[in-house]
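Two complexes come next, and they have one chain in common, chain A, joined by chain B in the first and chain C in the second.
Our next item is the complex of A and B:
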């Protein structure tokens, strides 16, 4: 028997992911002037996160501004963001994630 | 904008183009509504063939304005966005793609090079290949600095920083040094340090 999918609103996913990954040290979500993608609904918009459903799977695009230092690089931050985003999404829905693309729009150096 | 919205915009702009050009042709006498349009519509458009001077100019001006604006927007909509290509793929696998803005990476390299004593300014171009990242740096250096020593220092530091921060191998670092200030046009540099 096929397991029923728990479909939830894109807003819940976008809000939860944006909030969750902002807590990672060195990660900042872009504002409306810095973001190229967003998730939009009637009367709301989450900047920096794009969510599409393709053939029953989720396609997620996340834009980030990162602050790097001696211990923090793009691969380490990206791995943390991906892990966190996946965990958040999987706690909200049983829908499979097809792709999770990250785009770093700006880089800052912490000295 | 998703594909559906984009398609709607393109269809809308095409309709505006056809509408404004048809009205322009009717007003200018190039198209006879009685010949081209069916029963109720030719009655709507026929008055446009008999317009007097000031109204005629207003209609022609308005149609031309709408036509040119629609054409401009349509060309803009159909032209591929150059910004999309201005990213470097840091990693790509089944899970998805990680990209970084080329401008911010170039600023990162300039920041690292600029931290070396003797380097006054730096402008960098980044290229990606199967062998790794290729950095092309133009440096404005202190006249008292030893160019050979300074060049080697910049190459080592920039290579190490890029490999650490981006996690991709640097295939080569090309340097071009000069004593005169670099001509950077009106480019603004934003602080890279937090």
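Our next item is the complex of A and C:
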């Protein structure tokens, strides 16, 4: 059962999204030296995930490092990340997602 | 429905339901460098001039990627334009080299990033003469 909105804090969402999308082949989350955005609270910080609440909706920014090869391009990876992140968030809260932006900050090429 | 691919500096025209995917300019330049180095006849990417080195100092100090100084990219929502300066091996026909280089870059960018390459401007900034390498005999004046 989906929890009411007020019980879901940003940390839960950020942690779940970071862990979930890290499992996608070719996706790496940035560390503190590589990330420009993070979600932060007292004593914790999740790098690479930005969460803002705008008029009762979620505005999500995700930074990624990706490994590309002949079958794995940025459009395919970003579509998978978007689907996965959306599914994770919707499993945690009924709050609508206003925007889910991805930013590819670095790439690795796998031959 | 195709997603919108754009850069940070582009005007925001995201599809609200999907959001936008942003590819940093450094990523595009990095891919251009990788593609260029795989082309036979390319010795290296040309280094920056003094003025550009000073201008790029802040970026190099704060940035993660420090290569590709001879590469400039302009990334739009759907297209990318590339300028690069190379050092070519002496003896290679430059026009053929430019064709192969352009093809390699276009193939890489379009297949991996999903962006259309509008133009690839190549400037051959120098030639590399392998025989000009100092030999051990010449480099040592004394033993």
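Note that in this section the second predicted complex is superposed on the first by the 104 of 111 C-alpha atoms of A that agree within 3 Å, B and C clash if a C-alpha of one lies under 4 Å from a C-alpha of the other, contacts with A are read in each partner's own complex, and residues count from 1 in each chain.
As a convention for this text, a residue touches a chain if its C-beta (ideal position, glycine included) is under 8 Å from a C-beta of that chain, and two chains touch if they have at least 3 such contacts.
Nothing here was measured: the structure is a model prediction, and the numbers come from that model.
Partners chain B and chain C clash in the overlay (superposition on chain A).
Shared-chain residue A:99: touches chain B and chain C both. Of the two partner chains placed around the shared chain by superposition, chain B and chain C are both touched by A:75.
Of the two partner chains placed by the overlay, only chain B lies in contact with A:67; chain C stays clear of it. Once the two complexes are laid over each other on the shared chain, residue contacts for A:52 go to chain B alone; chain C is not touched.
When both complexes are overlaid on chain A, the residue A:11 reaches neither chain B nor chain C.
Contacts of A:107 after superposition on the shared chain: both chain B and chain C are touched.
In the superposition on chain A, the residues of chain A contacted by chain B and by chain C overlap at 60, 68, 70, 73-75, 78, 82, 99-107, 109. Note for the complex: chain B touches chain A at residues 2, 83, 87, 90-91, 95-101, 104-105, 107-108, 111, 164-167, 192-194. Only residues 33-34, 60, 68, 70, 73-75, 78-79, 82, 98-107, 109 of chain A touch chain C when the two sit together in their complex.
Those residues of chain C whose C-beta lies close enough to touch chain A in the complex are 2-3, 5, 8, 14, 16, 18-24, 26-27, 30-31, 34, 64-65, 111-114.
Residues 36, 52, 60, 67-68, 70, 73-75, 78, 82, 99-111 of chain A touch chain B in their complex.
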